[in-house]
Amino acid sequence: MNGISVDINHLKKGEVSMGTSIMAVTFKDGVILGADSRTTTGSYIANRVTDKLTQIHDTIYCCRSGSAADTQAVADMVKYYMQMYASQLPIDEKPTTSVVANIFQEVCYNNKDNLTAGIICAGYDDKVGGSVYSIPIGGSIHKQDYAIAGSGSGFIYGWCNENYKPNMEKDECVQFIKTALSEAMKWDGSSGGVVRMVILDKNGVERLIYYPHEIKV
Amino acid sequence: MNSTVASEYSSEIHTTPIEHRFNPYSDNGGTVLGIAGKDFAVLAGDTRQVEGYSINSRYEQKIFNVGDDIVMTANGFAADGSALIDRFRNQLKWYKFDHNNKKLSVASSARYIRHLLYSKRFFPYYVSTLIAGLDDEGKGCVYSFDPVGSYEREQCRAGGAAASLIMPFLDNQVNFKNQYQPGSDGTEKKPLRYLELDEVLELVKDAFSSATERHIQVGDGLEIFIVTKEGVRTEYYPLKRD
Amino acid sequence: MAGLSFDNFQRNKFLVSKGFGQPMATSTGTTIVGCKFNGGVIIAADTRATAGSIVADKNCEKLHRLSPKIWCAGAGTAADTEMVTQLIASNLELHSLSQRRQPRVITALTLLKQHLFKYQGHLGAYLIVAGNDPTGAHLMSVQAHGSTDIGEYQSLGSGSLAAMAVLETGWKPNMTKEEAMKLCADAIESGIWNDLGSGSNVDLCVMEVGKDAELHRNYLTPNVRSEKLKSYKFDRGTTAVLRSSIHDVLDVEETVITFGNDAMEVDA
């Protein structure tokens, strides 16, 4: 048990969990988040088209893994905090990714005994461009160039480490995530379905979806 | 601390070992009932076999003509039920080989089944067993057994999942329990009488259609084995399938 | 005091240690489904309620009204689905009164998920929420722990696998109302026949955009009880009368008062 993978025994009986493959990668113009779309209750796929990429603010998103209930509750909280916070900001200013990530960290740490939530927070802001923060189960926070998490991530640590390049082009980065998640979904039984992506850059938000037949494995 | 799950969080550490022991038994539902008449006996059972909330089969035979005009059923854990019936059939076959094809009486069959059941006293057959046939005088008889071999001859008996629903109905309608002679002001019981075969069949069908209404493991079909001096015959009636 | 009472927690734990188990709550071992169509949304449910393996109610109602145009189907612990639904219906009404707006499905869903999350799965309510609001037709589901899902079609309960099998094969985009009604009814029927926890009839609720919600109570009744073969009328006097006592619970007194000049002249 290494904090990054999810201890399934910790979940209460019948709890909906996201045995997940999620990742977020910075590239030249911003950041891209990616996730599979499988939600399970035991061996049953409760939802095969889940959207695990959740908007927190205009160009700040998070990837959720662990308990679906816990991560939704935490994301709803942080989203609400950011609405209140943004309303206090000068009209031309927006919350930064680091603020959002640190709020996530605070919530996850303070409630660590009651939460099974592994979150990757990523976003684009005008101050620092694209950035990625990983907030694994204990409530620590790690700023990274890219982050992978969820039960499927264990299969792609090596591949990502070999193939990640700083300042990739957008298309190159999309291909990187697509390949990485395809592999994670192939080897991890708790991950699967479609690959969803969110591209965050100065132009705003762009969503991508790749169906199983478009993923060559 | 002798923990079995490595974790950094107290709530995730199990102090007792997590057991993953194989459970040799399961409950396959279904219900059976036997009624003895003056010169006949019936053994009836539904044909649904279940496991948990799923239906394994809508028609799985569980009452058998085991030979010598004896019908037998062992309801509960289906695998144990078949094993017990197979063992009895096999022994009956050898009995006939060894004793010049002699007919085995229902009473002797019952005594032998007791021994089959008791031989597994500490790893019992998880079944309620019923046999029916005609006794040495040609009267209908039903024998019922508990899982470890205690048995008795009875006029009627329900076994299995809906036994608790059917048995009180049978007490009242076959043995006239709690029924008094009108006008006697509760001093005179309604006199016992043998029921006719068609009366018994109506009771059986009503018992099963009612049990189907209120017990989720009962349904799909009703198979009735009827033993008379002419031999054994069966009847089948559909039951609700929900 | 608001919320749940834990007064008997200590006592019950003691009772369990002495071998007295917890009382069994009536569970709606259920099949419920929901499906969107071209201009609305439909939810449907079976009508069997069970307590263990005994059928507690053969024709119960699992379709609950949250507001006139937002309905939800409930699976899990019957008491929880009933109470949580009524609570959220009340709060939704108050909210819509104070905001002077029609209630929205997302509001109902948020109230439900926040309430259920607070109770950490101890309230066994699994709900499919659907309806119309000024933003259109919506279909969502909430699970006991407070997680929610959105989709074109949903199924929940012990018969959800049987129902989902039908939905996954039969669903197509842009269905008509009639097609969707058929699909939902077929999915529930699949649960009725193949899942022991589900049975009896199909209830169905159609919520079409711009129209009132229509509840089709007992839309299908494929499990009518067959006629009993025998009559079980007992002769009068079959049951012994051991003792009888008759109590007068009402005394009737009649007094006639005549009105007239003679009678009224009391003081002279």
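In this document, chain identifiers A, B and C correspond to the written order of the chains, with residue numbering beginning at 1 in each.
Here is the rule we go by: a contact is a pair of C-beta atoms (placed from the backbone, for glycine too) under 8 Å apart; a residue touches a chain by one contact, two chains touch by 3 or more.
Just so we're on the same page, UniProt names per chain: A = Proteasome subunit beta type-1; B = Proteasome subunit beta type-6; C = Proteasome subunit beta type-2.
What you see is a predicted model; the values in this text were computed from it and never measured.
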Per-chain CA centroid nearest to the all-protein CA mean: C
Greatest separation from chain A - chain, by CA centre: B
Whole-Å separation of chain centres (CA-atom averages), chain B against chain C: 37
Centre-of-Cα separation between chain B and chain A, whole angstrom: 57
Residue numbers on chain C that touch chain A, as the complex places them: 110, 113-114, 116-117, 120-121, 143-151, 161
Complex interface listing, chain A residues touching chain C: 12, 14-16, 39, 41, 44, 46-47, 49-51, 67-70, 72-73, 76, 114
Parts of chain C lying in touch with chain B, wherever the complex brings them together: 29, 48, 50, 53-55, 58, 158, 192-200, 222-223, 225-226, 228-230, 232, 234-242
Contacting residues of chain B [partner chain C, same complex]: 29, 50, 52-55, 161, 173, 178-187, 190, 199, 202-203, 205-206, 209-210, 213-217, 240-242
